[in-house]
Amino acid sequence: MAKKEYAFYPGCSSQLKASASNYLTSVNSMCKTLDVKLTEIPDWNCCGASIGYAEGGELPRVAINARNFALAETHLPGQDIVATCAACWLGARESKERLDNNSVLMRDTNEALAAAGLHYKAEVNIRHMVEVLIEDFGFDELKKPVKKSLEGVKFAGYVGCQTNRPFGIDGESFENPKYLDKLVETLGGEAVDSYDQKVTCCGGALAFSEPEKSQKQIRDIVESAYDHGAEMIVTPCPLCQANVEVYQSEINKKQGTKFNMPVLYYSQLMAVAYGGSMKDAGLDGQLIRAEKLNAITQK
Amino acid sequence: MAEMKTAAYLCAGCGLGERLDLGQMEKIAQKEGKMALVRRHDFLCSSEGVALIRDDIEKEAVSHVVIAACSRRAKTEAFDFPTVAMSRANLREGVIWIVAEGAEHDEVRQEMANDYLRMGCAELKKMKLPEGNPNKAGNKTVLVVGAGISGMTAALETAKTGYEVVLVEKSGELGGWAAKLWKRVPSRAPYDKPQDTGVAELAAQVTSHQKIRVHLNSTLAETAGAPGRFKVKIAKESGAVAEEEVGAIIQASGFESYDIAKLPELGGGLPHVTDQAGLEVLAKTANGKPIKRADGGEIKSVAFVQCAGQRDDTGTHLPYCSGHCCATSIKQAMYFKDANPEVDTVVLYTDLRVPGMGEDFYRSAQEKGVIFTKAKVSKVESAGAASRVNFRDLILDEEVAMEADLVVLATGQVPNSGVNIDLPDEDETKSKQVSILNLNYRQGKDLPQLTHGLTDSHFICFPYETRRTGIYAAGPVRRPMDILQATEDATGAAMKAIQAVENADAGRASHPRVGDLSYPIVRLEGCTQCKRCTVECPFGAIDEDERRFPVFNESRCRRCGTCMGACPVRVISFENYSVDTVGNQIKAVDMPDEFSEKPRILILACENDAYPALDMAGLSRHVYSAFVRAIPVRCLGSVNSIWITDALNSGYDGVMMMGCKHGENYQCHFVKGSELANYRMSKIDDTLKQLGLEVERVASYEVAITDNARVATLINDYVAKIVEIGMSPMKGFG
Amino acid sequence: MTASIATSQTILVVGGGIGGMTAALEAAECGKQVILVERNPTLGGRTALLYRYFPKMCHPTCGLEINLKRLKGNRKLRVMTQAEVTAVSGSAGDYTVTLKLRPRYVNKNCTACGDCGKSVAGEMANPYDYGLSKIKLAYLPHAMAYPQRYVLDPAIIGTPNAEKAKAACKVGAIDLDMKEETVEIKVGSVVWATGWKPYDAAKIQPYGYGRFANVVTSVEFERLADPRGPTGGKLLRPSDGQPAKNIAFIQCAGSRDENHLRHCSRICCMASLKQTHYVREAYADDAAGPGKSTIYYIDIRAIDRFEDFYKKVQEDPTVQFVKSKVASIKQNASANLILHGVDTEGYHRYAQEHDLVVLAIGMEPEANGIKLPADMLVDSSGFIEGSKDGGQFAAGSAASPTDVNRSVQSATAAALRAIQVVHRTAAVEEAT
Amino acid sequence: MSDHNNQAVARYRNDFLKEVEEHVEEGEWVKMCMQCGVCAGSCPLGAHWEHTPQKLFMMIRAGKREEVLRSDAMWMCTSCYNCVVRCPRHLPITHIMHGLASYAHRLGLAPKNQPTREFAKIFWDNLVNKGRVNELKLTLALYFKDGLVQGIKNALAMQSIGLGMVKAKRLNPMEIFGGHGLRDLKGFQAIVAKAREIEDKKKGYTN
């Protein structure tokens, strides 16, 4: 299969030493195996995330996204922008849809971009890494490089909100998307398909400002994974990963639970299955160690 | 007609040959049934079997045929011999499929089959092939009463099909309510904006159509006759009277808008409160420019109050919903928004009722900025130059008020259905309703009303079934409706009217016994002028002549036989269905003696619902007692009490009457048949007592067509009860 | 076969449900030649699968019986089942229609004795119970089926099962060599009475149809209530066969929704109000108390004189109304369903438990799955408005979402329009 | 304007609706709501809302300007888009909530000390400052938003998490001295400034 090239938009959380740096590590490892070339959009900026709304307003948020598009169009012509972060993907895709359907917004945005000598031509596509995997490769292709099956590990596929709504992936349903389960099975693992918190919001946007409310969400998500017999949670979203992993200890402290559920990225699973080391898969970045996966890398 | 020559055909197929002694039955047909020809075939409904019968009809001049095989509802394509009288002995669904399997039941099974064969032969001998109503009448002109959208549509559609039309309109012009509208609710995709009414074009087409004759400023002074031969007197405003002969009538007399003056609490009577019709006047005056108030004042805000004087549960106003008013208010709000988007329009509703594609119209109004508020309006009052609308906002859950320059009350449709003939006479005069049709029928001047003054059909599957044959109601007179629905309704009514004249011309019955060529024949010399038939006919078909003898207007008759059931002296009959065709069957049954422990129960079953239910009990192999003998009747209303007394006299141990549900939600296809039967049977107790019999020996049941399993249970329970009571003491006296 | 039955004065009615039967009968009873084609092996359509009609609570099969009687007695009307229209060419008054006739494998000798059904092994989901029961592979669709003849499912052709059926038939009614045929007929006018289908409930994901056993559609609930249905008329829930006594009815399931059907399906409010009667009747004599119905709605669209029916249901203390579009459904350990949402009249949040949920499923035109002639006009939901040349019409729920009453009106009107076309044709032919 | 709230004259007039349509992101959708309430039931934080989205829309239509803009309801939005995908009228409810919040914030009507409001402001400032979000500074800024003492307490309370993140190389303590930033930060900030200028002009914001 010919090398595939994409304009990569890693997003703030996936930078080095940021909260999802292990996501980046595992994505790089996974892409190496799949012979995918990711070229970072030069000098990309933050997407604004959904929380940017209050102070940011509409046009500034759209404009900063358009800056990334313009940079990609200029420096990586013809390549789709691929985001790994749900918020980045959503923010970018939403901005693009609005721009492409609203000539006033388009004019105003380009007026703003002109302040930095940029111009958005509406040529570029915005995609999520999972879309690339499913649409450009497909599960059969993704299975081919598997060296170490994840056999014997039970995963709850936690899709979360923004990778799932409002756009979603692969024509999957908003209420019961199955692609994570299919991916887990592709890698030889066991998908807990009865897991009923697949698309529950982790409350990530309010993790700081409304901790009790968001931690209630996290509790449901983790508890249900335990209830359905999962050993680990797998997710495509760095905000979900961070929130669901990081706050378990906090919830344990406050509510006396004994949560210790590893939360991983799909890319980490793939890196492991493709024979990567713990480091390649970013497993060293886990706050809650995924011992069973660590063991597989040792095989 | 030629000599009667009878033939019985016994089928051995479908297990009949294995389970029944057909040899014995052949003898019964010959000896007891006195059939001239008796034949047996292994597979009677096969082309070979059918050919056998056909050959006999052609070569042997067989005129009367008994088919002893399956139910009369089965294999109708095969046993289709239109030139002969035919009865069906139901040995399959009625016997072998419902009698328990096993040799221990062989005897009762055989007895049951023998009896059905006897009954088939007995019935046949009293049957004649119906020859059609000799008083058929062939006028094919259709009279349409009312020239609103419904009337004009009915007239035009009828004329377009090639029939002459007489159109009578009480006002001086065509168009009715629709002509008073500025625009109408859209009737086609994309359902997004008010649409021209099209009334002018429609009126022009009506006026110029060669087959339509219009009488303006006219009403009906009298309507006499029957389908195919109605005579109507058309009274002009000038006093002149024209006479027309027509074949069928479409009553499209429309509605009046509920009187806003009856709604003072909603501001009826205040200067800046109007109804929807009033707003149309303002809109017509504005002619596309911003609508002004009647006093010329500018309108910056409008409130629409839905369900004004409708859906009322206090008994003061209209209890029903008029269906169109939500869409009409949406349309009217658009009048304002389209002329000037700055005008504020609020629709205050409790349930927004815009079914079907109306949802698109609703959305379109929202896009235009019409505001919808779920609210219950309590009071509308004057507030300076504006009006104040007090209401409870049901979403915000608070009592609030708003002011508007104009308040529009969505009032309902009141049908112009004429006189309520079911009210006692004194009430009728009090109600001051003017008759629309002025029928000279014995049962009253206008169409019977179903509910709330509406002349709607009671039947879901048959929306055009009024209780006056050949007269069809169309449009809002029968049910509140919008223009789109009225157009559809009027077109359907035109279809029915055309059918009515064709049926009358051919001397056939119309729905539900469509095509039936039998008709009531009365032996007037025996008539005692008791008037029961004229009173009880559900369709008002029978009038009285000056000597108070009944006059059967055959083309008004639906052939249900209610008159036959009513007649105490049994002078009314049909060629193929009479006191004798059924009476003979009852008497043909071989009655075991008192000590046999074999009771005999007669079932008289409505042929449309109960009899099919029995049939399908067979199809589903629900086992029931072999002691019953079922006879289908056209309607329980046709059951003459002589059949019951004959049955009891001849030793039957019980009689089960199975008919349709009666009462408010009656399911009788002849409207009152099952109700009348129920009434008549309530009087039978005296007869039973006279005979010294227990009242349980006659029982009435409401049976629905879905009661396949239930009929079996009913029968078995009843037989058990009869066994408990004991055998009839009347055996052997018959 | 083609030449003898059809001239351009013939009217073709497509679809043998209540609308199609009505259109065909009304035209035939006016003396017109009519061909009625039905895709399924029996006439009756979806109404034959309903238990009762609103607002009279009468039985659809009652009207069907009358219509079948009308049909059996009418020589102008020809019925073809398992027949599908594959193409229409020509113009108003002179159409050539191509029909695909699927084999029934049972000829007219069949007496519906049932021997073949008894002989074959194997069952399939019964489409006439919306899959809630099983039916043999040699079957009579239902008790009111017309023609009253068995059908062999094509799946058994070529298997020993088929031979068994053939051997069991004493009247030689089974013909395993029947082949699919294509015929062309000439007709003057076409009435499309192709009806409706329930919207695919699985697409309404938050309600979990297909994931939760005790979420059923309103059409399935009709089968549960029908004594001839899979439960003998008992309201038993699919998960465990226990009586459902606390039933939720969710309105606008698929309707009035840009994610699903844009239109209001008109019938669903009345259908749910009707179905609350089933609940009341099912437990009328239950010592443990009455059944409970809760209707979750946006607007109750009981228009015109149906208001009476609505009022009566409102007076029933066992029926509760909640003005809310249910947001989502979750299932608990006992397979009960928890409905989450907000009653918007005032703002009351609820998490209400029910033992059965009935989705008042929307009406989608059946014609959405049918290849219509190119010049057919349809609206944004796929309902048929008619052909541009004015020779083809739609009737009943093919034309718009309608109840039976309106469907019959519409079909009666369509019959007249079709007659007008063939009359015109006749007039032209007479003139020439 | 606030006086109007209590006057029937202005109630259910469209003044506030029109204001929302003109000034609030996706505000032109508010009129399309049909009050089904599916959004209200779909919100994961629904139980904490003073007003549900659908009710807010009705309040806007009823002209309740003050109540709407001072509500803290829209600040509870977690941007999960449940309401958006379920809305039978395709209203972009999440965005309308954001838009209303933003509008109320810019008008200075949003509730004081609303934590999400404060976080959102800190977030945006953090973002504009470097072009990318500096997670450490963001976190610290949050902890210290209520003053130094509270900040130390907050930080201590979350210390274990922070240390864990550092150990896992997912939080860089050195970021406090700089961290990720854009090469063309000036250009980026010029874009933001220009965009804001255009938007402010259109919406008539003066602050």
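Letters A, B, C and D mark the chains as written, and numbering starts fresh at 1 in each.
By our rule, a contact is a pair of C-beta atoms (placed from the backbone, for glycine too) under 8 Å apart; a residue touches a chain by one contact, two chains touch by 3 or more.
Values in this document were obtained by computation on a predicted structure and should not be read as measured data.
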Among the chains, which has its CA centre at the largest distance from chain C's?
D
By C-alpha centroid distance to the whole-protein centroid, which chain wins?
C
Could you tell me which pair, A-D or A-C, is linked by more C-beta pairs in contact?
A-D
Round to the nearest whole Å and give the separation of the Cα centres of chain A and chain C.
46
Calculate how many whole Å lie between the centre of chain B and the centre of chain C, each centre taken as the average of the chain's C-alpha atoms.
23
Can you compute the centre-to-centre distance for chain A and chain B, using the mean CA position of each chain? Integer Å is fine.
65
For chain D, jot down the residues that touch at least 2 other chains.
34-35, 54-55, 82, 85-86, 89
What residues in chain C touch two or more of the other chains?
206, 256, 323, 328, 344, 347
Multi-chain contacts only, two chains or more: what residues does chain A have there?
174
Here the pairs of chains that touch are A-C, A-D, B-C, B-D, C-D
Parts of chain D lying in touch with chain B, wherever the complex brings them together:
8-9, 11-14, 17, 31-32, 34-35, 54-55, 58-59, 61-62, 89
With touch defined as at the start, can you tell me which chain A residues reach chain C in the complex?
173-176, 196
In the complex, the residues of chain B that touch chain D are 301, 303, 344, 346, 352, 362-363, 366-367, 369-374, 383, 388, 393, 395-396, 400-403
Which part of chain A faces chain D closely enough to touch in the complex?
12-13, 15-22, 43, 45-46, 48-60, 62-64, 67, 108-109, 111-118, 161-162, 164-166, 174, 200-201, 203-206, 208-210, 213-214, 217, 242, 246-247, 249-250, 284-287
Contacts from chain C onto chain A in the complex sit at residues 205-206, 208, 211, 328, 330
